[in-house]
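What follows is a set of structures for review.
Look for chain A in each of the two complexes below; its partner is chain B in the first and chain C in the second.
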Partner chain A sequence: MQLLRKESGTVAAVTAAEHEQRQLRSLWLKLVFLALIGGALIALFLTINVTDWGFALPRRGRKVVAMLLVGFAVAYSSVMFQTITNNRILTPSIIGFDSMYMLIQTVIVYLFGGITLAMMSRELLFVINVGLMVLFASLLYRWLFRREGRNLYFLVLIGIIFGTLFGSFTSFMQRMIDPNDFTVLQDRMFASFNSVNEDLLLIASAAIVLVTLYSLRFLRSLDVVLLGRDQAINLGVAHANLVNRCMVVIAVLISVSTALVGPITFFGLLVANLAYQYMHTYRHAFVVPAASLISVIALVGGQLLVERVFTFSTSLSVIINFIGGIYFLYLLLRETRRD
Partner chain B sequence: MKRGSFVALLILLVLLSVVSLFIGVRNITPWGLFQASEDQLQVFFISRVPRLIAILTAGASMSVVGLIMQQLARNKFVSPSTAGTMESASLGVLVATLMFSSASVLHKTAIAFVFALIGTVIFMRILEYAKYKDVIIVPLVGIMFGNVIGAFTTFLALRYDLLQSLNGWMNGDFSGILRGRYELLYIAVPLTIASYIFADRFTLAGMGADFATNLGLNYRFVVNLGLAIIALSSSVVVLTVGSIPYLGLIVPNVVTIMLGDNIRKTLPFTATLGALFVLVCDIIGRTIRYPYEIPISLVVGVVGSAVFLFLILRRGVYATA
Partner chain C sequence: MIEVRNVTKKYGSKAVVDNVSLTIARGGVTSFIGPNGAGKSTLLSIISRLMPYDHGEVLIDGQSVARSKSNDLAKKISILKQENHISVRLTIRELVSFGRFPYSQGRLTKEDQQYIDAAIEYMELGDLQHRYLDQLSGGQRQRAYVAMVICQNTDYVLLDEPLNNLDMKHAVQIMRVMRRMVEDLGKTVILVLHDINFASCYSDTIVALKDGRVVHQGSVEQIINTQALHDIYDMHIPIEVINDQRIGVYFT
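For the complex of A and B:
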């Protein structure tokens, strides 16, 4: 009898370990699957309809690198942000962070004027932008989330209005800038999907690699933060400290993606939620790579569609905003039905 | 006191209107008007006067429309720009331009009106579907709905190379107002008067279908009339001026905070304050970067979103307390 009990105990332990193993394996398989699709799309993007390799490859290659960077930055920052704010509707862009980046950039152009900026190196300018962005994003975040228990929808609405405020103010300042200065700087400063800001690739990659290395060790703590603030503190996570550090990382990531392709409001929301649904796990070590791969697939695939099917007659951000907006409405209405 | 402040507002409006007539690149002075040259007079009557009329009409009617909308939806944060009405009207204008390239202004108005009406009705339906009608959720859904329609409109515009004209009517701007190109706005005048006549009935309708019917009100008729006024006024403004963000939202709210909810009393106030607000923003836009001009939608966008933020934050204070 005793022997039997002992045996069944070990059997249970074995099956638990096995189950764990199996789950891990399936998570890895899912990641590999996503990576294969992403790789295939990138290969297709690089090689489709090439007539002059020497001309096409470097240009397309730069575009792909930009999309990889943006995809990773948006996915990572959105997942991280959703974890520390403990919900699945808010993303940094929905509460207006990327419009804030554009505003900072415009104000800098306005204050310094075109000539000073033209002489200043792009890298330096970018670093100044990012520094200010980290400062203001942390301030805005702290101000918004200062009071606990603030209604989530309230935050979203405030964020959206902030986005409009920053957006209007940016256009306003752009009109105030001397038209000559503005045309000089327009291409350099205000990117979109169709004109990716490729000059910044080097420093953007450096920034992303740095903050990623810095923040990799947070991933495990973030798993715990998912349990809620009080639980996490109970389990020994220095919550406030962690949130502050994450905000810095998020601000840098948002700066990079906005500097490269401009604001894309709903993209982070889409890829983060798709990743949760597909991976079915709480582990950030798997969710973040999955979200990044999904966003790379969406970007490269979307860009292929835009370039080959629509032959440039539409822009990727419009499609993303359309689909993302509908998805957001769906999430919102589903939540209200549940209450 | 209320009467006094109303008169003060009116006097201020008249004063600023006169000021507005004499701002511009072409130097025209009030005392020089009588010995003005031929082309000075032309500038005055072809550009300045129509512009002033357009500002006053658009400001007053959009604010009143916002007031009615807030009454009917029973939510303080609903307005043509937070419920998809403006965006639907723009889509309508685009579709009209695409399908009937030679469409007259009246045709375009009709199509924009139909789209604005459908858009607003869909929004009201979505509201009925959401069981949990939080004060905040309603405008949130409306803004998102507007975004989706806006993205679709941009998609169409990009496809048919109309993005530039689209931006033209998406961004409200009074600089294009000239004699012969704004007269459509006059439609908004009888609509505003009709809202005043029906003001009491809108107040009743705002109390809910059952209650209103109990009091002997033809509920469906009043609601449909309200929606028609909203859609038609918005379309006319979008077609002539372009969309002006937050206008129908902040003006009625400020008036309601000061004067309460009886819209028969607040409506004249709302109309006056709306006209005044747009006039002031337009004067700012015309003088801040003189001799260039900043479109009114940007000035209102900055001022309006700041005021809107203030309004919800103020609400938030006692909602969480």
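For the complex of A and C:
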């Protein structure tokens, strides 16, 4: 290319490469730092106040696995969702994804009755749930985001309306369900970090590993999607295709986290934005691990607080939604000032 | 060569691009002019595959855009739109590096780094390259985007109103770069312009659109004259020749 001027170009390339090296090193260090904190919290969580190891360790171990899965699922899905919708304020939960999962679950119980459900294996039910979730979520949100440049506040509004609508539908159907069926539903619906749906851990892990392996190769393309749809297409990313695939991955991830511990609306928003603020990079290869680690730290640390300081007088979702809600308002206000 | 054949794009029942056929030769600066709502930007978006259309066909060097792989097209044609909203913070160098994505899929090679350096130098952004985009003035940001497009190193470069919101100095700077890209690097540059005098001073060919149709296409002399401009803009624009440039005096 003629526009290369050799001598000056090489000098600049060296300093640029050095700059790049330094940046990469600092990104890795930041990740290691987060991992250390996370590891320390997990160790503390597993070993604090143990009287009977044989009893405590497996139980706490399962809780930790659940928190790792949920932490990763929420972080990954939120970062991905924010990238493909080109905003930093909305997450799948805020816009009603997890209420949709609850609704699907209720509809299944309503239609088929609790006896069928009780006989059906929980894994099978989970798979059916996830399948329907993928179908509806991708249809609905494709319709919602198809038009470029939809106003962010319009989407917030629609999302909140959807969330409420799905929620109301859910409780409406629950009132019509046979009380026996409702008991079956109840112990699946009201999962929380204190009562994790532990029999789903295995299949949830499998689902997460699968969609993660499937979607890892999107990470670099997602970096480009941050520039917006037009630039992504200009740079050769098959944008519509990528967005559809990401929607499927997001639907699976949200299904997993909702099935395990129920909805935590503002958590994804919190960790995705904190990850961007802390890492100072656009690269998904770093932002996604950072967001996941931050969310594991928040979950394990928060659960420690709930169990040891508040002695179960409150629940982790309440704390997270309280902090996350305030942060959401802060982001909304900041965005308004910028416009 | 870019060929547009009978392309129509409708919003509801209104055709914003109405059965347009057009050929743009390789090399040179081609400007699209015309009143607001004439379909200039829409046509540019259609040519660069950003927007689907209802009828017709677009060919680049004989190949159909609709049937080409997006990544192959990204090495042949680049487009810079007016609105560029980014939800994360990027430095100039990071932005420019994205221009190499079609070639390296995000894994930058030594060769990519050289292209990036060259593009940054070409746009005289060397001192600013590690600054964040939100710390820049409008003119600097526009130059950073142009550097990204240069870095993408495509034969065809399309820019949608690149002079919007730029002051005179920066507008001239951008237009000079376009000229240099044509003359030094052999690129084909296609621009949407609002100011007929910029089109007059820097174009080789001018395409005039009105109500979704091409009303005139030709050299500067053929388009920048009172009769043709009256067809396009429905207003009387006297033309003065100043320093060999045809200038339309439309301010009063």
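Annotations for the structure displayed:
Convention: the second predicted complex is superposed on the first by the 324 of 339 C-alpha atoms of A that agree within 3 Å, B and C clash if a C-alpha of one lies under 4 Å from a C-alpha of the other, contacts with A are read in each partner's own complex, and residues count from 1 in each chain.
One rule holds in what follows: a residue touches a chain if its C-beta (ideal position, glycine included) is under 8 Å from a C-beta of that chain, and two chains touch if they have at least 3 such contacts.
All values reported here derive from a predicted model rather than from experimental measurement.
Once the two complexes are laid over each other on the shared chain, residue contacts for A:Tyr153 go to chain B alone; chain C is not touched.
Applying the stated contact rule after C-alpha superposition, one finds that A:His19 touches chain C and leaves chain B untouched. Residue contacts after overlaying the shared chain place A:Leu57 against neither chain B nor chain C. Of the two partner chains placed by superposition, only chain B is touched by A:Val318; chain C is not.
In the superposed pair of complexes, A:Val32 makes contact with neither chain B nor chain C.
Contacts of A:Asn86 after superposition on the shared chain: chain C is touched, whereas chain B is not. In the overlay built on the shared chain, the residue A:Leu165 is in contact with chain B alone; chain C does not reach it. Judged by the touch definition given at the top, the superposed model places A:Asp230 against chain C, while chain B stays out of reach. Overlap of the chain B and chain C contact sets on chain A: empty, with no shared residue.
Within the complex formed with chain C, the chain A residues making contact are 1-5, 8-9, 12-13, 16-17, 19, 82-83, 86-88, 220-221, 223-224, 226-231, 233-238, 276, 280, 282. Note for the complex: chain A touches chain B at residues 147, 149-151, 153-154, 156-158, 160-162, 164-165, 167-169, 171-172, 175-176, 265, 310, 313-315, 318-319, 321-322, 325-326, 328-329, 332-333, 336-337, 339.
In the complex of the two chains, the chain B residues touching chain A come out as 126, 129-132, 134, 136-137, 139-141, 143-145, 147-148, 151-152, 154-155, 158-159, 245, 288-289, 292, 294-295, 297-299, 301-302, 305-306, 308-309, 312-313, 316, 319-320.
By the touch rule above, chain C contacts chain A in their complex via residues 45, 48-50, 70-75, 78-81, 84-90, 93-95, 98-99, 101-102, 105-107, 110, 113-122, 126, 129-130, 150, 152-153, 184-185.
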